[in-house]
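This is the structure I have questions about; it appears just below.
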Amino acid sequence: MAKSEMTYADAICRAIEEEMAKDPTIFTYGEDIAQQGGIFGQYKGLLGKYDDRVIDTPISEEVIFGSAVGAALAGTRPIVEFHFADFLFTGMSAITNQIMKIRYMSGGQRDLPIILRGPDGRSNNAAAQHSQSIESIFMHLPGIKVVIPSTPADVYGLYKTALNQPDPVIVFEHKQMYGRKGMVDDEEYRIPFGKADIKRAGTDITVVTTSRMVHESMQAAAELANSGISLEVIDLRTLVPWDRETVINSVKKTGRLLIVHETWKRAGWGAEIASVVQEEAFDYLDDPIYRVGAKNVPNSFSPEQENFIMPDKENVLAEVKKFLL
Amino acid sequence: MAKSEMTYADAICRAIEEEMAKDPTIFTYGEDIAQQGGIFGQYKGLLGKYDDRVIDTPISEEVIFGSAVGAALAGTRPIVEFHFADFLFTGMSAITNQIMKIRYMSGGQRDLPIILRGPDGRSNNAAAQHSQSIESIFMHLPGIKVVIPSTPADVYGLYKTALNQPDPVIVFEHKQMYGRKGMVDDEEYRIPFGKADIKRAGTDITVVTTSRMVHESMQAAAELANSGISLEVIDLRTLVPWDRETVINSVKKTGRLLIVHETWKRAGWGAEIASVVQEEAFDYLDDPIYRVGAKNVPNSFSPEQENFIMPDKENVLAEVKKFLL
Amino acid sequence: MDITKEKLIELYEKMVLIRSFEMKAEEKFYNNEIPGFIHLYIGEEAIATGIIDHLRKDDLITSTHRGHGHMLAKGADPKLMMAELYGKRTGYCKGKGGSMHIMNFDLGVLGANGEVAGGLPIAAGAGMAIKMIKKTDQVVVAFFGDGASNRGAFHEALNWASIYNLPIIFVVEYNQYASTVNSNFATSVDNIADRAKGYDIKGITVDGNDLLEVYETAAEVISAVRNGSGPVLLECKTYRLKGHFVGDPQEYREDAEVEKKWKDEPISKFERYLMEKDYLDDETKNEIWSKYTKVIDEALEYARNDSFPTAKEALTDLFADDTGYDY
Amino acid sequence: MDITKEKLIELYEKMVLIRSFEMKAEEKFYNNEIPGFIHLYIGEEAIATGIIDHLRKDDLITSTHRGHGHMLAKGADPKLMMAELYGKRTGYCKGKGGSMHIMNFDLGVLGANGEVAGGLPIAAGAGMAIKMIKKTDQVVVAFFGDGASNRGAFHEALNWASIYNLPIIFVVEYNQYASTVNSNFATSVDNIADRAKGYDIKGITVDGNDLLEVYETAAEVISAVRNGSGPVLLECKTYRLKGHFVGDPQEYREDAEVEKKWKDEPISKFERYLMEKDYLDDETKNEIWSKYTKVIDEALEYARNDSFPTAKEALTDLFADDTGYDY
């Protein structure tokens, strides 16, 4: 199949544009998206094509998020930009108490096709209020599907699914990945939710990860391969639902599990994966399950401190040493 | 030592009143607290004594929470009522981005003695937006100490500590426990944060729990004792910090761990406990760690459905059956 | 404005329906038949009635925790409403919502809402979709309380509606209280409508207990909004005759205050008007009340006889592709 | 109002200090010496200068993401500020905050803030504590942007300050933009001060590029507020001469628009006034600029020579009883 190289940001735009062409009720809005194509340029690819469906808003997060419910129930398919995952908190109730509950509270009367999307995670030296990864919260509270892709090909296929299904979805796009390039099939395709991707097959240790940490883990795996340690790197791609089967089968094979995420280690989503795996594959585990995550403090502005707080390849390598191989 | 019987709500009022007498900068505010003593009557015990320091506010959660930062930095010690844990979300950014970060971002310039307090958890048939337990989120995001007491004696002693320490604290008081009675020492005392209480000693299975589920677990333990199964029930009392030592020592003794909480099972705080324990006591575990929590859906209004979603003693009993005793 | 006798009687009947429903709900709550907590619309019937009568079925409304009146005015079946209050299977929300979350999208009711001001952003989004994407002439009415007008969501929604010139009527039901707190204390302005200036939109205050005034003002406002005038803030002064919720000890107000306010309640006020006009006499009045007593009794019977949803069905309806709690 | 020459020159110098700091910060950002992103106060100096000069050290302010000017006006040491922008150990926040979170509680600066409108609730709480508990005559000034005035927090804070009659001056820096979005589009009123009516407080609009007008108005307002007048909303019209942040491509506006606005910038405007009055000539002017060039060069030297905090120190300062990440 023919493929083209494109950035993560452009892969998203391509998916949205294709679907906008088919479905005139898709529109997108948020802060700073229409004039300059998003604060990370992530909307640039859409500008000029559907300008009446790419809309700037005031700084009013509670309405930005809550409006999605009204828009969906009025018969449209809104894609809402949240600007920074950190500012999901400024309209949090509209998400947790409205978007995530109204279908259930109504007894399932109608579909609620909403996409919340935006940048999650570290952006260098942006300090405590602009570098949080908060996807774990949406795995805990029920009511939204959680997508957290690591490559242009994945983000394209997952958007195509998101834009053709009936439920609220939140897409965490990592700030540092918008410019990352990769090959994407020229033909349209969808990637189902709940299907992990084994980014690298291996035999010694299963690594479960997402987003930017997929790449850090892959680098660690490449290095470890030189010393004869074989990592199987599983990219979950979606956290709600998450692919238990692929993870558990891998752990049954390797006997070892390391979970790697950028968000805080304490009570992060890795804890859920660890809890389920130790329950379902107890007899297969040769070692404890280890987790890599950010240190449990807010992010510091000072560069060295940020590097220390935020996990990367080095932390993966260090943690692997704990396994009794 | 002489003791008196009092309700959970009155034990809180007693602690606050004693401290208000000593410290004229303590004051408390929130919705519906001054006219009728709180929506659950939980402020009644304070009325008439310090009326100028018990203040009703408009329905303005973002300011209710965010104001605590200004009040603390201006040299007072605010106790802020959040009305329903569900509505922490309506002012969430003021908590997560301000209260929980400003000390850190400032480089530790000054103390930030703030108490956020209010009702958490199930209140029968209040449906999806009035029965959430959301303490897990505050264990994940760093920056606040999390207190979640189960008895009048505990809540009294923990408040005494909270009101005499320098950092933000959030106290989750269970809606169904305000009226619960218990004995409290007549003499003043404090209970340190991070010190669990073994509510019942046992040998077969360690149960780690908090709040209302302590009582459900104690009932289960009493019943199981009749069939010769001995549960050790550990009430964590605080989640940040949490008492690893007591839990791990108990698991090393029993070889089995069950975590019981009312909040959603998926990515709830139980997952963190499970992850840490399997890491630290891997070789001591005879069985997988199991967890009891709410089903991963919003709460339903319909009574039978709510009973099905929300965990209770029966779920503890059912889960215990999974252990190979 | 010329209003026919038939229309006036129809409006009267609508208010009687709402009142009858609420009285029965109150009784059955005290009976311990209705679980949870319910907030009654008694004393505020003229607002929902006078406004919603001008709406089409495809017009949309957002409601509040005090939502029974809005639902009934928008055409809800009292049977399915009562069944929902009982948590039963054929209730509007299959028993999952209850009083505080009663809603029906087919009727254009985008939800009663347990979050104060929670409906305002939803209305803003519906208005946006209508105006900018669907380009129909539907309108949206957002009901909310005086207490809600102090939440940030109010401000954001009004600014939003103004800048996009959306077809939204913001209706504040100024019933003097937010739970236990008097709005004279907690709200910085006497008239919420004065806040309209801060959004460069029209603000109007009416006597919300005067059905005719509400009805006539709403007629004008709604038709203007439908024709593209942009949003309007319509304030209806009323009074919450009952406690905040059924069972509220009401220690924050004097009985005398409430008693006095009963003299101004909208149904008898309108009755007096109809009787003066000779559109209503005691006999017809009694007939109407009996008719709705019967309607509500039937609704009650229906709700009681309906079955509860099963426990396991609690795991449906979260997502369209139901995979329940394993999800 | 009678203002001495000395005071006028002092105010001028304060503006020059801020401008010099900002120009150096911009340069060093482009040099890749300053990490993260920074938002410059260039063109808005008259506001912080004209207002904060009336404050005592124990008065409190809340700032924004564009906070350097407020800090400097409140008496911050440029050395410790620059060190913070560099993420160094002796910076005001030990390098943990950076530009967007620069603050010093001893100076009464309760924080620059990365959350738009994040300072408004903080100001409301400070005012509450002062008025109701501490009962001192301190005042609070809350700075925020035109964009911020569309967030719910603005509304809640103003209503709050009004009902408790708090000693707060809300200062909106109307610089025409919220990042890429023009306030003519996103803000429903031309003058944010018009929103004051919605809270029953005084609203005033001044030319924020006219130091004298800001200074004189602030004198009156602050003394009234200190004497118990209750909160005031003071709007200062200005213009953001630089990009939203350093490096902003500014595709959303024409260069010509910006060039035109440079003609109205506050420092040369005030210079013209001082020169007309014969308070300033080219020589003194040059001396003053040289003086602050030196001050800033020294600050830069200081910041460069300062060491970075260690990585491990990232685990301190979250709580007073530091137990770091194990907590």
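A, B, C and D are the chain letters, set down in written order, and residue numbers restart from 1 in every chain.
Following the convention adopted for this analysis, a contact is a pair of C-beta atoms (placed from the backbone, for glycine too) under 8 Å apart; a residue touches a chain by one contact, two chains touch by 3 or more.
Because the structure is a prediction, the values reported are computed rather than measured.
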Counting only C-alpha atoms to place each centre, which chain is farthest from chain B?
D
Selected interface, A-C versus B-C, where C-beta contact pairs are more numerous
A-C
When the centre of a chain is set as the mean of its C-alpha atoms, what distance in Å lies between chain B and chain C?
36
Taking the mean of the CA coordinates per chain, how far is chain A from chain B in Å?
31
In angstrom, rounded to a whole number, how far apart do the mean CA points of chain B and chain D lie?
40
Residues of chain B touching 2+ other chains?
57-58, 60-62, 86-87, 90, 93, 97, 104-105, 127-129, 142-143, 296-298, 300-301
In chain D, what residues contact two or more other chains?
93-97, 101, 113-115, 150-153, 156, 159, 163, 185-187, 318, 325, 327
Tell me, which parts of chain B touch chain A in their complex?
86-87, 89-90, 92-93, 95-97, 100-101, 104-105, 127-129, 132, 134, 136-137, 139-143, 263-264, 266-272, 274-275, 278-280, 282, 285, 287-291, 296-298, 300-301
Hey, which residues of chain D end up touching chain B in the complex?
60, 62, 91-97, 101, 103-106, 110-111, 113-115, 118, 120-130, 132-134, 138, 140, 152-153, 156-157, 159-160, 163, 316-321, 323, 325, 327
Going by the contact rule at the top, pick out the chain D residues touching chain C in the complex.
150-156, 158-159, 162-163, 185-189, 194-195, 197-201
For the chain A and chain C complex, residues of the former touching the latter
24-25, 27, 29, 52-53, 55, 57-58, 60-63, 65-76, 78, 91, 93-94, 97-98, 102-111, 142-143, 145, 165-167, 240-241
State the interface residues of chain C toward chain B in the complex, per the touch definition above.
35-37, 87-88, 93-98, 100-101, 113-117, 147-148, 150-152, 178-181, 185-187, 249, 251-252, 308-315, 318, 324-327
